[in-house]
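Each of the two complexes below includes chain A, the first together with chain B, the second together with chain C.
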Partner chain A sequence: MIELVAITHAAAPPPPARLRAIPVGGLLAVVAPATEEEATAESLWRREELVEELMADCDLLPVRYGTRFADDEDAAQAVAARHATLAAALDHVRGAVEVSVRVIGAEPRATHAALSELARDAVERPVQPPQVLRGAYLVDRDMVDAFAARVAQLQAAQPGSQILCTGPWPPYSFSDRP
Partner chain B sequence: MSTSLAEQDVALIDLVDRLLGGGVVIAGDITLAVADVDLVHVSLRALISSVAKLEEGGLE
Partner chain C sequence: MRDKVLHAPPDIDLFATEQPRLENALSRRIGADPENVERGLAQLVLTIVELLRELMERQALRRIDAGGLSDQQVERLGTTFMELDKRMEQLRAEFGLNPEDLNIDLGPLGRLL
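Presenting the complex of A and B:
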């Protein structure tokens, strides 16, 4: 069994050790050996480190955790079946990373608008109190510092609020966008 | 500092959100061990308690 980890362009440099790239049209399906271990915080972080290592050198679409195939041929076939959609999604995230923001106790609409200004794309997720905003922002790599500065500015302007920002992440929330 | 501990908790929750709920869905066997469910529950509890901690201590 192999696990499909990410989709990259065929022009991407060779993946780090432990990962293998299977060419599918103009794309690469990046796979790792599947393990039988149960998911723990440690195993999830290990997986994340692999994807981030890959992301350091190229643009990619992360694949849903736990996506497994019997062999290379099966994986290639599944990727080929969605080739056009995947290529379009990869173009959409080219040169960008994802930043996560959770907001507690601040004005959600104004905060979202101020952050979206610096993002190429944005999605909002449902929230549960006390959170008032849970957003993912697709930010150009060279705009990440500006985005972080904007978060700090919004936090300073709204004392008593919490703006919890993490990233940069691989574009998990933008992998199915055109 | 309690703030940095809370930040780690938030990062773990964001990671769980993304790995288990994000990324491209491509046909294939999606296998998740039962332990995941516990992990998500633990993570959500961690966020709630982090938030409580932050609110108590303020975030100066």
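Presenting the complex of A and C:
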């Protein structure tokens, strides 16, 4: 049993130890041996660190935690079946990372618009009060600092507002958007 | 916590409400490994039965409030729901489930029941 961790371009450098790359027509399916461990906050963080380590050297599409296949052939088949979609999605996130923003007590529409200007793509997530905006932004790697500066600016401009900005993350919210 | 904060608001604790929800969502997952699959399935089925039971009960109460039922009908409804409640309790006990186990976390939509 193996677990699919991420999809990268075939030109990506070899993955860190514990991971293997299976070539599938111009893409690489990066897999790890499946473990029996329970899904906990800790195990999710371990997975996150693994994906981030991989992300440091190449662009990738993170795969949903717990995506498992019987063997290499199975995994390759699954990736081949969605090859065009995955290749397009990978092109879309090339050179970019995901940055997450949560907002309390500011004008959500204007804030989202101002942040989207610095992003290649953006999606809004459902919010729970008191939050008024929860957005994911696909930001060029060299624009992350400018993005964080814009967040600080927006908060300063709206007294009483609270804006939390985290990242850089693997492009979780943009993996299925060609 | 890993340092992933690019910009911190003045009061970061305001955002801490999501952590318990995440822990809850993880613990409320249906266990699908071979030993647990029966209990997991029972949990899922009983959750749906419990949801239907509560909906029926609410609908019945509404009709009683509206005054369209005879005393005899109200009496029969009451007995039926008491019996249902007792039976659910037995079924839960059989699979070692607490009432709380049937209250599945729907993420942003909140709890089911």
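Please note the rule applied: the second predicted complex is superposed on the first by the 178 of 178 C-alpha atoms of A that agree within 3 Å, B and C clash if a C-alpha of one lies under 4 Å from a C-alpha of the other, contacts with A are read in each partner's own complex, and residues count from 1 in each chain.
We take it that contacts are C-beta pairs under 8 Å (C-beta built on N, C-alpha and C of every residue); 3 or more make two chains touch, one makes a residue touch a chain.
These numbers come from a predicted model, not from an experiment.
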Request  = Have a look at where A:138 lands relative to chain B and chain C in the superposition and call it first, second, both or neither.
outcome  = neither
Inquiry  = Once chain A of both complexes is superposed, is A:119 in touch with chain B (first), chain C (second), both, or neither?
reply    = neither
Inquiry  = One more residue to check, A:7. First (chain B), second (chain C), both or neither?
reply    = first
Task = State whether chain B or chain C is in contact with more residues of chain A in the superposed arrangement.
result = B
Request  = Based on the superposed arrangement, let me know which partner A:93 touches: chain B (first), chain C (second), both, or neither?
outcome  = neither
Ask   = In the superposed arrangement, does A:79 touch chain B (first), chain C (second), both or neither?
value = first
Inquiry  = Per the contact definition in the header, classify A:176: touching chain B only (first), chain C only (second), both, or neither.
reply    = first
Task = Check the residue A:166 against both partner chains and state whether it touches chain B (first), chain C (second), both, or neither.
result = both
Message = For A:45 in the superposed arrangement: first (chain B), second (chain C), both or neither?
response = both
Query = In the superposed arrangement, does A:151 touch chain B (first), chain C (second), both or neither?
reply = second
Where chain A meets both chain C and chain B, residue numbers = 39-41, 44-45, 102, 104, 125, 130, 162, 164, 166-167, 169
Request  = Enumerate the contact residues on chain C facing chain A in the complex.
outcome  = 2, 4-12, 14-15, 17, 22-23, 26, 29, 108
Touching residues (chain side chain B, partner chain A) in the complex = 7, 10-12, 14-20, 22-36, 39, 51, 54-55, 58-59
Request  = Would you tell me which residues of chain A are touching chain B in their complex?
outcome  = 4, 7, 37-41, 44-45, 47-48, 61-69, 74-75, 78-79, 81-82, 86, 89, 98, 100, 102, 104, 125, 130, 160, 162, 164, 166-167, 169-170, 172-173, 175-176
Remark   = The residues of chain A that touch chain C in their complex are 39-41, 44-45, 49, 99, 102, 104, 125-128, 130-131, 144, 147-148, 151-152, 155, 161-169
